[in-house]
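Have a look at this one.
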Amino acid sequence: MSEPVQRVLGPVALDYTVHAGSVTGAFLEALLDKRLVGRRCPSCAKVFLPPRGACPTCAVPMPEAVEVGQRGVVTTFSVIRIPFDGQVLTPPYAAAHIVLDGADTPLLHIVGECDVDTVRMGMRVEAVWADPIEPTLASVRYFRPTGEPDVAWDAFKEHLG
Amino acid sequence: MRPVHIAGIGQIPNVRGDTDHDEVQLVQAVASAALAEAGLHKDDIGFFCSGSSDYVMGRPFSFTMAIDGVGLWPPKRESHVEMDGAWALYEAWVRLQHGDVDTALVYAYGKGHGAPVDGMLTAQLDPYYEAPLGPSPMALAALQARALIDAGRLTERDLAEVVAHARRLGATHPGVPAIDGPLDVDALLDAPYVATPLRAHDEAVRTDGATAIVLSVGGGGPRIGGIAHCIEPIELGLRDLTAATSVRRAAAWAGLEQAGSIDVAELHATYSPQAVLLRQVLGLADAVVDPSGGALVADTPFVTGLSRIAEAARAVQGGAVRALAHASGGPCLQHNLICLLEAR
Amino acid sequence: MIPCAVTGIGQTRYAAKREDVSMPELVREAALRALDDAGLDFDGIDAVVMGKAPDMFEGVANPELFLAGALGAAGKPMFRVHTAGSVGGSTAIVAAHLVQSGVHKRVLTVAWEKQSESNAMWALSQKFPFQPPVAAGAGGYFAPIIRAYMRRSGAPEHIGWQVAVKDRRNALRNPLAHLHLPDIDLDMVKASPLLWDPIRYLETCPSSDGACAMVLSADVTGDRPPAWVHATAMRSEPMLFPGRDEVSPRAGAACAQELFEQAGKTPADVDCAEIYVPFSWYEPMWLENLGLAESGWRAVDAGRTALDGDLPINMSGGVLSSNPIGASGMIRFAEAARQVRGTADAHQVDRARLAMGHAYGGGSQFFATWLVGTEPPG
Amino acid sequence: MARDADFVARFHLAYTYKRSTGPVIGRFLTSLREGRLEGVRTASGEVLVPARAYDPRDGRATTDAWVDVGPEGTITTWTWIDAPAAGAPLDAPFAWALVRLDGADTPMLHAVRGPRAAIATGARVRAVFADHREGGIRDLSCFEVIP
């Protein structure tokens, strides 16, 4: 006789219809034109990229759209050396917090077109766009070094998180 | 117990397919409205608590994003339940008993319209013996309806009357999406069965929406006279489906018997037989039931229970002396919460 | 406020796969041990409070509903908490509040995860529409923050290795721990592969199945001494906003501050602590954030946080040795209680009279802490 | 350039979980695979079907006394489904029912094959086992009404 039952399989399959909503929708629409458009909080005046439906600290809507630069500074980073499910690039590659010029929030994205061992805090980088462009932040394939001088620690140390 | 009052309510219309708001926008809209009604600022709030479902939203940790709508900065006391927002209100009520904080903001949000609510509810069942069979929540509700018919407690006309009642009242309520279908009992009884004795209209209309409530110790507004909840086993075969045991217990613990007559009741019945059963076990013959139209005409999953408390509080604001709100979770009224609200 | 005591503690054995039990049997293993410790059965319990991380890990929506029967909750109030990684701590706090407020006399609280039913990385890396791409994975989220701590504090890289060794040596004294690495030493950690630079493999937590349960009570039952709850605190902050300090989040510091104020104690009064350290570097980071040490890395370097140090941390082996996500926070709270009850067996700290439990979750956003002591509060 | 700002997408969330059964569910499903139905006696002496390590009504551990039940039983409540959903136990119209197997004290949920006119509370039914059984609740493919 075969082995006693010790395990059953439990398939769960669910289908969702997801609307981006007006705030993320406007952000995605601008992405299609290779523009990075965040939102400014009317209360604290900070610029969020990607935009949020409300300012996370002030809890007010952010109606004002603000286009930010496509260059920015790496404030901190990690070199990803292991594969995991859902991964876009092949390790090793650098995942960095990047504060774009004109934005106040770090964007978690990938640094490419350079040896991972040369990625450093304070490094200047710029967006490299995918082709074709889809309505997702993955349309920025990665950020690459600009060759500009590094930014001093004091200028970004408040933006590490 | 410290007296806890409903100081402010924030609601937005429940809609079929909200294309504008993400969860942050939903929460921001109702939280700011509730705070405005209470005359408070977020920084006046001592405790924040929310209810939502990752499976309704389609992603894990959905609530960690939604909190951006309430502005937890500087850092706030905050918690979250993976249950209907009515239980978040319960946690806040308990928290307010401590004495160190006097205000709480409770909220719930959900997008039930684009979500696979049936599949999600089936995924609540026992994963070894029941979920693999794939019964729909309506089929389970129908098993309860048949048990009530067999017990002489229910007729199909009773079901149609409950639906017609919900549609008539819901048609004029600003929080309810446009009623789609007949308001007439005979016309309802002409509709085909989906799961005998239930028809498509015996199931709630799934919507998107959010609700927020500000609680305060003392002050004005409807007072929470009693609040309690109770659960039963999930397995239908291990329950008396006609007894609603956990509804009765929750009501008794909330003090329903001592409370005096109920003027208004708002019930979390997502299938019409539940609405009939709840009226029977809660003794609501003299009450106005579901003046909002109730859950059958606008069911935003994991919000509907908290919305019932909001609607019952509105009834007290509008002159009712005593109102009852009911919230539920699990199949066939498995988990139930009763909240009694009183005029000051 | 009514005094509340931990009168029963039950834990499962932690392992990568507990394929010998179903989900109900896993939670019962912990719950029945806690009841036995408290000298009670289900009849003696007034309410059940369950905590768990995302339902998508096990693929059962709202599993408290189907587990109500397994936990003797039928006919009683049953409550479900979900506050991300801090959930085990928040769940215990909700249960304590039910007792302290006088709503219930005796509450059974249970937190669990059965990660082997699926793959947590899968659940966390779903490509939900319109969301930013997953660039880094779980460890990749925290690695840049650790790098920022190293830069800011000047901590040398061996600090992370020391914590990794210390916690795994402690785990050798805890038969329930998932990881038992008898040969662990600095060279072994240092030689392990870099996963998310600067995090090495042996500096990360495992993925475990397991459950933890406690009986929280207004009356003392059972034969063993209780642990009295002196204070509880929960604090949260948003995940991402300009100027946020993710290395030492204000919510964590505020949570600890409220905790000590509530108890009328100071960090110096703490005899030992179980804190949520999923990556070794979080020990020095949390020591500073919670006010337990001015320089976290110097405390580690000096051996103060070892089992025989003056501020023992994670005597049980910690999250680095066992990590059933939804239960990990409650294990911290329960292990703190074991210390002051004097029931921590081979990883007992001598004369522990006041112990701290700590949990955090999300992007270092959600904090839950408690202080437990040998004497009733007040 | 103006575009439709309502970005809408379909999202398919799917995973096949591996559920360890433990000894009690495992034994029930093993028997089912062999074409047998078994219950387990609870601490209060009732026969619980399907078998679990505990009685969900009071949380007490069940005993190790196993009892053969069925294969016939009685419908205690039911609903007729004219349009079965994809993946339902039966392709043709059928009933969902709670069935109390002979020898059991607790009804269990499953499908009952038609005809519709034969489905009633109190109707007698018999277990129909799947031809190909692999150790799951669907090894019991449905019940059929005993004429």
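Note that the chains are named A, B, C and D in the order they appear, and that numbering of residues resets to 1 at the start of each chain.
The rule we apply is simple: a contact is a pair of C-beta atoms (placed from the backbone, for glycine too) under 8 Å apart; a residue touches a chain by one contact, two chains touch by 3 or more.
In this text the structure is predicted, and so the values were computed from the model without any measurement.
S.K.: Comparing A-C against A-D, which pair counts more contacting C-beta pairs?
M.R.: A-C
S.K.: Mind checking the centre-to-centre distance between chain A and chain D? Centres are C-alpha means, answer in whole Å.
M.R.: So the centroids are 47 Å from each other.
S.K.: Compute the distance, rounded to whole Å, between the mean C-alpha positions of chain A and chain C.
M.R.: The mean C-alpha positions of chain A and chain C differ by 30 Å.
S.K.: Any idea how many Å lie between the Cα centroids of chain A and chain B?
M.R.: 37
S.K.: Could you put a whole-Å number on the gap between the CA centroids of chain B and chain C?
M.R.: 33
S.K.: Among the residues of chain A, which ones contact at least 2 other chains?
M.R.: 6-8, 10, 12-20, 22, 24, 28, 55-57, 135
S.K.: Going by the contact rule already set, what residues in chain C reach two or more other chains?
M.R.: 19, 22-23, 56, 58-59, 68-69, 73-74, 117, 122-123, 126, 128-130, 238-239, 241, 249
S.K.: Would you give the residues of chain B that are in contact with at least 2 other chains, written as numbers and ranges?
M.R.: Residues 19, 55, 58, 67-68, 71-73, 120, 123, 127-128, 131-132, 233-235, 238 of chain B each touch two or more of the other chains.
S.K.: Name the graph shape formed by the protein chains and their touching pairs; answer line, ring, star, complete or other.
M.R.: complete
S.K.: Taking the complex as given, what residues does chain D use to touch chain B?
M.R.: 6, 8, 11, 13, 17, 19, 21, 25, 29, 50, 56-57, 76-83, 85, 87-89, 96-98, 100, 106-111, 121, 136-138
S.K.: Please give the residue numbers of chain C that touch chain D in the complex, ascending.
M.R.: Interface residues on the chain C side: 17-25, 28, 41-42, 56, 58-59, 68-74, 116-118, 122-123, 126, 128-130.
S.K.: Note which residues of chain B are touching chain A in the complex, please.
M.R.: 17-25, 27-28, 31-32, 42, 55, 58, 67-73, 113-116, 119-120, 123, 127-128, 131-132
S.K.: For the complex, which residues does chain B have touching chain D?
M.R.: Against chain D, the touching part of chain B is residues 19, 58, 127-130, 132-136, 139-140, 142-147, 150, 192-198, 233-238, 241.
S.K.: Can you list the residues on chain B that touch chain C in the complex?
M.R.: Interface residues on the chain B side: 1, 48, 53-55, 58-61, 63-65, 67-68, 71-83, 87, 90-91, 94-95, 97-100, 120-121, 123-128, 131, 228-235, 238, 245-246, 249, 329-330, 334-335.
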